[in-house]
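Order as written gives the chain letters A, B and C; numbering starts at 1 within each chain.
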Amino acid sequence: MAYDVSTPVFEGPFDLLLHLILKEQVDIYEVSLSTIVNSYLAEIDLLQSIELDLATEFLLIASTLVELKARRLLPGRNDIELDDELALWEERDLLLARLLECKTFKDVAAVLASIADDADLTFARSVGADERFEALMPDMLEGIKPRHLHSAYLRAITPKPVPVVDLFHVSAVRANVADAMTELLDELPRVGRISFRRLTDGLVERLDVIVRFLALLELFKQGMVELDQTERFGDIDILWLADSAAVAVGAGPIDDYEG
Amino acid sequence: MSDIPPTDAQQPDQMMTELLAHETLDADIVRAIEAIVLVATEPVPTDQLAQLLEQPTALVNELCRGLADVYDEAGHGFQLVEVAGGWRYQTHPELSPYVERFLLDGQRHRMSGAALETLAIVAYKQPISRAQVASIRGVDPDGVLRTLSARGYVTQVAVDPGPGQAALFGTTPQFLEKLGLNSLSDLPPLAAFVPGADVVEALEHGLRAPDADPKLLRANMPRLTPDEPDDQ
Amino acid sequence: MSDIPPTDAQQPDQMMTELLAHETLDADIVRAIEAIVLVATEPVPTDQLAQLLEQPTALVNELCRGLADVYDEAGHGFQLVEVAGGWRYQTHPELSPYVERFLLDGQRHRMSGAALETLAIVAYKQPISRAQVASIRGVDPDGVLRTLSARGYVTQVAVDPGPGQAALFGTTPQFLEKLGLNSLSDLPPLAAFVPGADVVEALEHGLRAPDADPKLLRANMPRLTPDEPDDQ
C-alpha cells in the first residue's frame, strides 16, 4: 500500500509541496521541475520501492505546476489575455487553498495521534457476563442463515482488492503521433515550406498542437524535414526535404500519446 | 454531586487507602491486580498475577482477598471472587435481576463481519488449524475463535498429526441446530456460486484479471446486499 | 489483613457510602449501574441504564459521574468513563505496562500518518466522498479508506444524491472508542488548526509569480539536490 510508506518529512505530493515551500522556502516559479522531481525520486530511492500510486499522483500535481510554470516562462507574457490571467490566479488560489487545507488536516491529525496514544493506554472491559447468566446471553447466530455463512466464506477467500493505478484523471482523448505524421506527409509535400504557427493554426486543442510538434520531430529525425528557429520562442520554419512521400509511416517505433 | 446529602453513615472506606499504602510494596501493584483482572476473559490464577507483578504468590493472594473485602465493605455492585483457581470480577448476587433485565434488553450483540467470516471458514474447511484460518483471513483469529468457542459454535475436534500438533477446529452440533441444518452437507455448496474458473484463478493469485471485463467480473461475484446482517 | 498496617492517611473514602445513601433512591440503583456496566461488552448508553433502572436519565448520568469520582478518589486501578455515548469500565492509563504484559496482544496498532490524516478529514467533514478526501490529501485515499473501513473506524453512511451517487463516508462509534471520546463534539475544534498568517504568507510567496526575469531567478534558485538530506 502506497500509504503505509512515509518518511518523517512527507507522505504524498501535497506534503512534498508543502515541505518544499514551507521548509525550503521554495518558489515554484524559481525551482526547476527537474529539481523537484529529483528530490522526490531521491526520497523514493530511500524508500527502496517505487510507490506507483504516489508517483502518479505526484505527476498529476507536477503537471499542474508545469502548466503554471510554463505560462510564466512563455514569451509575450504582457499579451496574456485577461481571461488567462484570471485563470492563472484562480489556479494559484485553488492550489493555495488546497495546500492550506492539507496543512490544517496534517496538524489536526498530529493532535488526533496523541489523543489516540493516550486512549491506547487504557483497556476497556468487554468480558461479558459470567456463566450464571449463560442462558440469557444473546444468540450470536440469531438471524444468520446458511446463505449468509456462504457469502461470508466467499468474502473471506476473496483477496482484498489489489491497488491499481486509477486512470480517472486521464481524458479519453487519444492523440496519435502516427496519424499526425500521415497528415503531415500529406500536407507538407504540397506546401513545401510553412511555419509551425501556420501549420497548427486551425487546431483548437493544445494536445493536438503538441502531437503535431512531436510528429514533426519524428519527421526531422527521419531526415524528411528541415527545421529552423531563428529566435528563442520564435516561430519554427519547416522545410520539406524528401521528394517521395513513400516513406513507410510507422516503420520505426512510434509512441502513442494519451492526453 | 451537590444533591447527595452527607450521611450519618460515617463508616469510612479506608481499606482501599490502607491497601494502597501497604508499606512493603509499590501502590501500583494493588491497582495492577484490579486492572488485569478487569480485562481478563478467564479467571486469572494467583500464580500468574504473582509472576506478572513479580511478587510472592502469598502476598498477591493476600492482596486479592484484601481487595475483595474492600469491595464488599464499600458496598459495590461487583465482587472479586476466586473461581476455578483464579480471580475474576462478577456482579453481586443481589443485583442479578438488573443484570438479567439488561441481558434480555436486546443487547447489540450481533455477530461482527470478522466473526462470521471466521465461522464460515471453520464451517467449510474443517478440521482447520488456527494458522490456516489466519492465512485465509489475513489476521490473527485468536480472539474470534475464543468467542465462537465460548458460544459453543466451534470446538477443537482433532489435533494435527504433523509437527507442532496444532489444534484443529470444527463446528459443533449446536451450530448446525442454530442454522437449522441437519448436517454439514446441507451448507450451500461452494461450487454452485463460485465464479468462472478464470476469475477464481485470478483471484486466487491475488491478481486482477487483466482482460476480464470488470463489469462481468462484478456480475459473477457474490453480492452482499445491505439486508444481510453480515454486511456490516 | 493482619500485616497491612493502619495508616495515617485517614482520608475516608466515604463517597461510595454517600452515593449509596442517596436519599431519593434505592441503594441498589447505584450498585446496579456497576453490575450492568460490568457485564456489558460495549459502552452502555445513559438512556439505556435509565430505562432499565426506571430512573430519570439526568439522575443516572449524575450517579455515573459520582461513581467515576468514587473510583478516582479511592485510587482504584480501573475507571468508569463515558465513551462513544455510553459508560464502560476501563483500566487506568497508569497501569498500561502491567495490562500490556498480561494481554499478549495488548500492543495496540498505531495508525500511520496517512491513516490519521484521512481519519481526521472524514471525522471533521463527514459525510464526505472519496473524491473529496482525495482533493484534500492530494493522494488517492482508496487504500487508506479501505483499511480504516476494515478496522471499523469509518463506514459508508450515505450516498451522494447528486450524479455519480458517490459513497459518502463517516466515522463509527469504534472510532470514538479508539480515541476514547464520548462524541464527535469532543474533537478539538478545527478552527484552532487553520494555519496562521505566517504559513499562509509563506505559501502565498511560494506560489507567487515573480515579475523578475526567469534567468535571474534561476541564479537564486534554492538547491534541492538529492545529496542534501531532508533530515527533519
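Everything below uses one rule, namely that contacts are C-beta pairs under 8 Å (C-beta built on N, C-alpha and C of every residue); 3 or more make two chains touch, one makes a residue touch a chain.
Keep in mind that what you see is a predicted model, and the values were worked out from it rather than measured.
Q: Which chain maximises the distance between its CA centroid and that of chain A?
A: B
Q: So, comparing each chain's Cα centre against the centre of all protein Cα atoms, which one is closest?
A: C
Q: What's the distance between the Cα centroids of chain A and chain B, rounded to whole Å?
A: Distance between chain centres: 46 Å.
Q: In whole angstrom, what separates the CA-based centres of chain B and chain C?
A: Between these chains, centre-to-centre, one finds 23 Å.
Q: With chain centres taken as the means of their Cα atoms, state the distance from chain A to chain C in Å.
A: Centre separation, chain A to chain C: 35 Å.
Q: Can you list the residues of chain C that touch 2 or more other chains?
A: As it turns out, chain C has residues touching two or more other chains at 38-42, 78, 89-92, 94, 99, 103.
Q: What are the residue numbers in chain A that touch two or more other chains?
A: 123-125, 127, 129-130, 133, 160
Q: For chain B, which residues are in contact with chain A within the complex?
A: For chain B paired with chain A, touching residues are 35, 38-41, 88-91, 96, 99-100, 103-104, 106-107, 109-111, 113, 115-121, 123-124, 136-138, 147, 151, 153, 175, 178-181, 186-188, 190, 193-194, 203-204, 206-208, 221-224, 228-230.
Q: Which of the residues in chain C end up touching chain B in this complex?
A: Interface residues on chain C, with respect to chain B: 1, 3-7, 9-24, 27-28, 30-36, 38-42, 44, 48, 51-53, 62, 65-66, 69, 74-78, 89-92, 94-95, 98-99, 101-103, 105, 155.
Q: So in the complex, which bits of chain A are touching chain B?
A: It is residues 123-125, 127, 129-130, 132-133, 136-141, 143-160, 162, 164 of chain A that touch chain B.
Q: Which residues, counting only chain A, touch chain C once they are in their complex?
A: It is residues 1-4, 6-9, 11-15, 17-32, 35-36, 38-39, 41-43, 45, 53-54, 57, 61, 68, 72-73, 88, 92, 95-96, 98-113, 115-130, 133, 160-161, 163, 166 of chain A that touch chain C.
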